[in-house]
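Let me begin by handing over the structure; questions about it come next.
Letters A, B and C name the chains as they come in the text, with residue numbers starting at 1 for each one.
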Amino acid sequence: MLQEIHRNTQKLVPLVHNITNYVTANDCANITLACGGSPIMADDILEVEEVTAMSNALVINTGTLNERTVKAMFVAGRKANELELPVILDPVGVGATRLRSDTIMNLMKEVYFSVIRGNSSEIRAITGNGNTRGVDASLKEQITDVTVDEAIELAKWTSKRTGAVIVITGRIDLIADHDKVCLIRNGHPMMSRVTGTGCMLTSMIGSFCGANPDKLYEACISAVCAMGMAGEYAYEKIMERNEGTASYRQYIIDFISKMDDSLIEKGAKLEMR
Amino acid sequence: MLQEIHRNTQKLVPLVHNITNYVTANDCANITLACGGSPIMADDILEVEEVTAMSNALVINTGTLNERTVKAMFVAGRKANELELPVILDPVGVGATRLRSDTIMNLMKEVYFSVIRGNSSEIRAITGNGNTRGVDASLKEQITDVTVDEAIELAKWTSKRTGAVIVITGRIDLIADHDKVCLIRNGHPMMSRVTGTGCMLTSMIGSFCGANPDKLYEACISAVCAMGMAGEYAYEKIMERNEGTASYRQYIIDFISKMDDSLIEKGAKLEMR
Amino acid sequence: MLQEIHRNTQKLVPLVHNITNYVTANDCANITLACGGSPIMADDILEVEEVTAMSNALVINTGTLNERTVKAMFVAGRKANELELPVILDPVGVGATRLRSDTIMNLMKEVYFSVIRGNSSEIRAITGNGNTRGVDASLKEQITDVTVDEAIELAKWTSKRTGAVIVITGRIDLIADHDKVCLIRNGHPMMSRVTGTGCMLTSMIGSFCGANPDKLYEACISAVCAMGMAGEYAYEKIMERNEGTASYRQYIIDFISKMDDSLIEKGAKLEMR
């Protein structure tokens, strides 16, 4: 599956419109290129409709939203819906402030999202439960073997209610599409010590969905899996070389850019439920 | 001292609200995570009060200020004062333009800053002397053994007048808190060939102060010292590997993320005056 | 030539005002420092005139333009013209949206540009021909040995019409100044798998032109050549070390920061026509 999703992405080179934050925009653009897509970042209301219209997918990330860019998110989201393009939401910090919660709740009312990716507390927040502390995955809020059944129910319920594939990332990653659920046990705790691993994953999901619009669930599984394997690879690399978190980030993108059939599938730790 | 400040930071994982520039925001977020903090970047006036209210410290950096974000700086600064949180100012480019000078002078009138960090010309500019050429530390403006006594007087005077711990970075770094002064001779000239080493230091000061609100002077010394040692470590690493300034930046963050008791204190070149 | 241009840059340390995008701003700042310049990023209409006035060159890059920053581009551009500073335009995505096309066409009417750098489709678009797909150089739109004569005519014609040195980058790079043309065959296809190699080159051109205002054509050739050699060097380095595109980006900047006489000129693949 991962191989096919990835090959389609490399063949089509989907153009992915990102309305995203200025903290991780460079990493998002680079991982989009690394996984086979082509990024375009544009957030002015005067041009987002046109940019979305020429793209294969739209990614909306609320990391550093402001009044100006929020308006552009609505316009671009509606255009993508009109054109039936995959729209991916990364509700960064939902629950943390009224601006973020209102924006994301209203976006979810007015725009149909194909995929919503967040950490456990963000996904709880978009369902109206829980609040968020900052933007980084807190360890105690992560899915563990103890809390996994509860998380599965939350994800299934949210998927049915929103119609979106729900991706919850954390120590265990979980992808739910209505009643289908996939758990992924790839990745490494060090991923939470680098800013933007979540944003980068969301942009990669955008590329994979843009190139595989009829296989969104599989595209999400593939992207999460690839990112997890990248986290494992990068950890080995920095241990070997006695390096730290900045090198770690670099090797994550390096891995994604080098992914080929020999790297893929053999390392995937998937559990379909 | 450095050990204790650092351990407290890793234990508390302070949330640090950064209103900063889009040039170095990613590096600031990553060094915050590397040193044990948790970053949140938010600059819209509709949410900065809430973000500051859930944070342990606020960092205001004027690197790419604009009318919109300037307003948010005032609102967030006042909120932090109300909650008695440490507020750290990085007056990037003060003296270079009227917008920067006016913004920073007015911020200093309306907001009480716990720490102000800049290069020598920026600190002179906030006292009403001198002008700034761009945003990078010019070599001739740096503190040297010849000019150190003058710089100490400037820093002490500015600290007394503002009530803030004053951090002047350059070839020699200087931390002043009223009559206490610490000189630090760590670091490497190559640090000025990477953008954002100053911004990163300011964000690290934010993390250390957020976790050690009763030891701001010590927190500043520790952050400056850690950054200086990171600069030395990174220099050795690129010489070993025949690399350049981009790798240098990476190893600075790597070092901060790997700091532990064995790396700390033994390399510190402190002189208390 | 490259040696002299580069030495002048290192000697003068030109201050380069960049009004640029938030995706690649960090890389642009770092390559500016790496090649010997000093970057200042400022895009608020209240300060751009002052920033331009203290700079040696102005770079305008439309990567993530918005209504606010577009206004600043006009103001800064006019100021630079008044002061006879080199102004370099990187018309990112011209032809892709009405906002970009209108902005760039109007900028070209009201501001005299010393240098315009883009990929083949962007340069076609500023002449009123062709449209752009996203912001990354599409392979089929690149200059090859088959299309080189057509590209030379386009570049000469555009140079005469605009008065600017025209730099078209792609598999073959081309610099045209009225009737003079230089082809450069340095570089590596992997450069298109990293975001911002074009933006970085434009910022480096800004530094070289800022330090060599009487030799703009030579400054452009030198910058393109240096970037191409950096791309070759970085490719060797990642092959040696089995790394990917993120490391590739890093080694490009590393190379520029280490350039010295022994690295320069011997690798240049220039053809003057």
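A few comments on the model shown:
Here is the rule we use: a contact is a pair of C-beta atoms (placed from the backbone, for glycine too) under 8 Å apart; a residue touches a chain by one contact, two chains touch by 3 or more.
None of the values given here were measured: they were computed from a predicted structure.
Chain B and chain C carry the same sequence, and matching their CA atoms takes a turn of 120 degrees, rounded to a multiple of 5.
The two sequence copies chain A and chain C touch through a face in which the numbers common to both fall below half of the numbers used overall. Our note on geometry: chain A versus chain C, Cα centroid distance of 32 Å, whole angstroms.
Residues of chain A in contact with two or more other chains: 22, 26, 68, 249-250. Listing the residues of chain B that touch chain C in their complex gives 21-24, 26-27, 63-68, 93, 96-100, 133-136, 193-196, 243-247, 249-250. Touching chain B in their complex are the following residues of chain C: 15, 22, 25-26, 29-30, 33-34, 38-44, 46-47, 50-51, 54, 68, 249-258.
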